[in-house]
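Step one of this worksheet: look at the structure below.
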Amino acid sequence: MKLLYFAWMKAAIGHGEEIVDLPEGIATVGQLVEWLVARGDGYARAFRNIKVVRAAINQQFVTLEAPLAGATEIAFFPPVTGG
Amino acid sequence: MKLLYFAWMKAAIGHGEEIVDLPEGIATVGQLVEWLVARGDGYARAFRNIKVVRAAINQQFVTLEAPLAGATEIAFFPPVTGG
Amino acid sequence: MTVRVQEAPFDAGAETAALTASRTDIGGIASFVGLVRGEGDAVRALTLEHYPGMTERRLAEIEAEARSRWELLDCLIIHRVGRMLPGEPIVLVLCASAHRGDAFAACQFLMDWLKTDAPFWKQEETPDGTRWVDAKESDDAAAAKWK
Amino acid sequence: MTVRVQEAPFDAGAETAALTASRTDIGGIASFVGLVRGEGDAVRALTLEHYPGMTERRLAEIEAEARSRWELLDCLIIHRVGRMLPGEPIVLVLCASAHRGDAFAACQFLMDWLKTDAPFWKQEETPDGTRWVDAKESDDAAAAKWK
């Protein structure tokens, strides 16, 4: 499964892209976040304020409750500021 | 006093500009219109539907009740269609 | 803050570039270009007549009204007169502001008021001869919402 | 109906001309150009990061939404990414319609949704270093009014 991070989340984590093998029992975006936060300080900083974190599965916005089934690319990023 | 006519009013009257000397007793735009209508068929056609006629005194929109005092240039025209 | 009435076509891109040249405080420019519609083959040309003197005065007044209502850094109105062909531009309104909301609102306001408060008249050349374009009630309604 | 994400600057006038070339059914084009604001000397440059792939997909979806809501004859969105200086253009939205109301509404809608629904992020270079721009509540409110 490919994970992507953007903007200050990428800066906090130290890289913008990684491939991970998820352990059993991680079924939602929220559970994935918990698992990532336990991996190290950079992840903990990136996800500290979970309210502002946005997520996308296969390039579609999703909520933390979204199931991971069928996901090949999961992205995490701050609120967007384009335009 | 200079009178100006535009668009189809100019076409009906046959000219777009004229200098007139008003007789005594013509004090408002409405009275001026009545005096003009009596001058000939072209004027009568131009002012037939008085509801759609717009007037300006010295380049400012006015109503038919407006007094002519101080007027040096009076224009009559149909509803505008620019933009 | 410029108002121009002219026969010549205009270049919206060049006007936009001139407006933004050598300044860095503009956050956005809302613009509108009105074009001659051919209506299939029903309109072969459009001639714009106006009231010289009053036109420039009204445009300046309308533009000042927009500046009093919204925070504008710059503003440009160009309105053509004379004969033009389908596809040609008639009118350009540019509104520059620090923030997009003001620029959009002012641009729309200027177009709505131009349609109902500036002394221009359109005459169409059709296959059956020329005809003066009627004023639209929808334009009056659009302008009235700003009163 | 075109969506482009690019590093290169764009020419709003040339894009407008291309949109109107050889057609006579367009009555008006509403457009918006967003520019980098210098905020005095507080912003020395802006870098736009995006999510390649998702960006183009979201822009296309937002553009399709605009076309479903209003009668548009054509539509163009160009959004730049990479580093740009104060005064440079960031984004261009052009909406062409037979009537100005649809063009204005669609253009404003596209800008509002772009601000809140397309995966771009701005980083400013300031005299004190770089900082990521915070999302604005006013942008969320502007986008929410179209829901």
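Chains here go by letter, A, B, C and D, matching the order in which they are written, and residues are numbered from 1 within each.
Definition applied: a residue touches a chain if its C-beta (ideal position, glycine included) is under 8 Å from a C-beta of that chain, and two chains touch if they have at least 3 such contacts.
Source: prediction; values computed, not measured.
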Chains touching both chain B and chain D: C
Between chain C and chain B, distance of the C-alpha-averaged centres to the nearest whole Å: 27
Rounded Å distance, chain C centre to chain D centre (Cα mean): 23
Separation of chain A from chain C, taking each centre as the mean of its C-alpha atoms, in whole Å: 48
Approximate Å spacing (C-alpha centroids) for the pair chain A, chain B: 73
Overlap residues in chain C, where contacts from two or more other chains coincide: 34, 111
Residue numbers of chain B (touch at least two other chains): none
Touch relationships between chains, expressed as pairs: A-D, B-C, C-D
Chain D residues within the chain C interface of the complex: 11-14, 16-17, 20, 22-38, 86-87, 98, 100-101, 103-104, 107-108, 111, 142
Complex interface listing, chain A residues touching chain D: 4, 6-8, 52, 56, 59, 61, 75, 77-83
Interfacial residue positions of chain C with respect to chain B in the complex: 34, 48-51, 53-54, 57-58, 79, 90-91, 111, 114-123, 132-136, 139
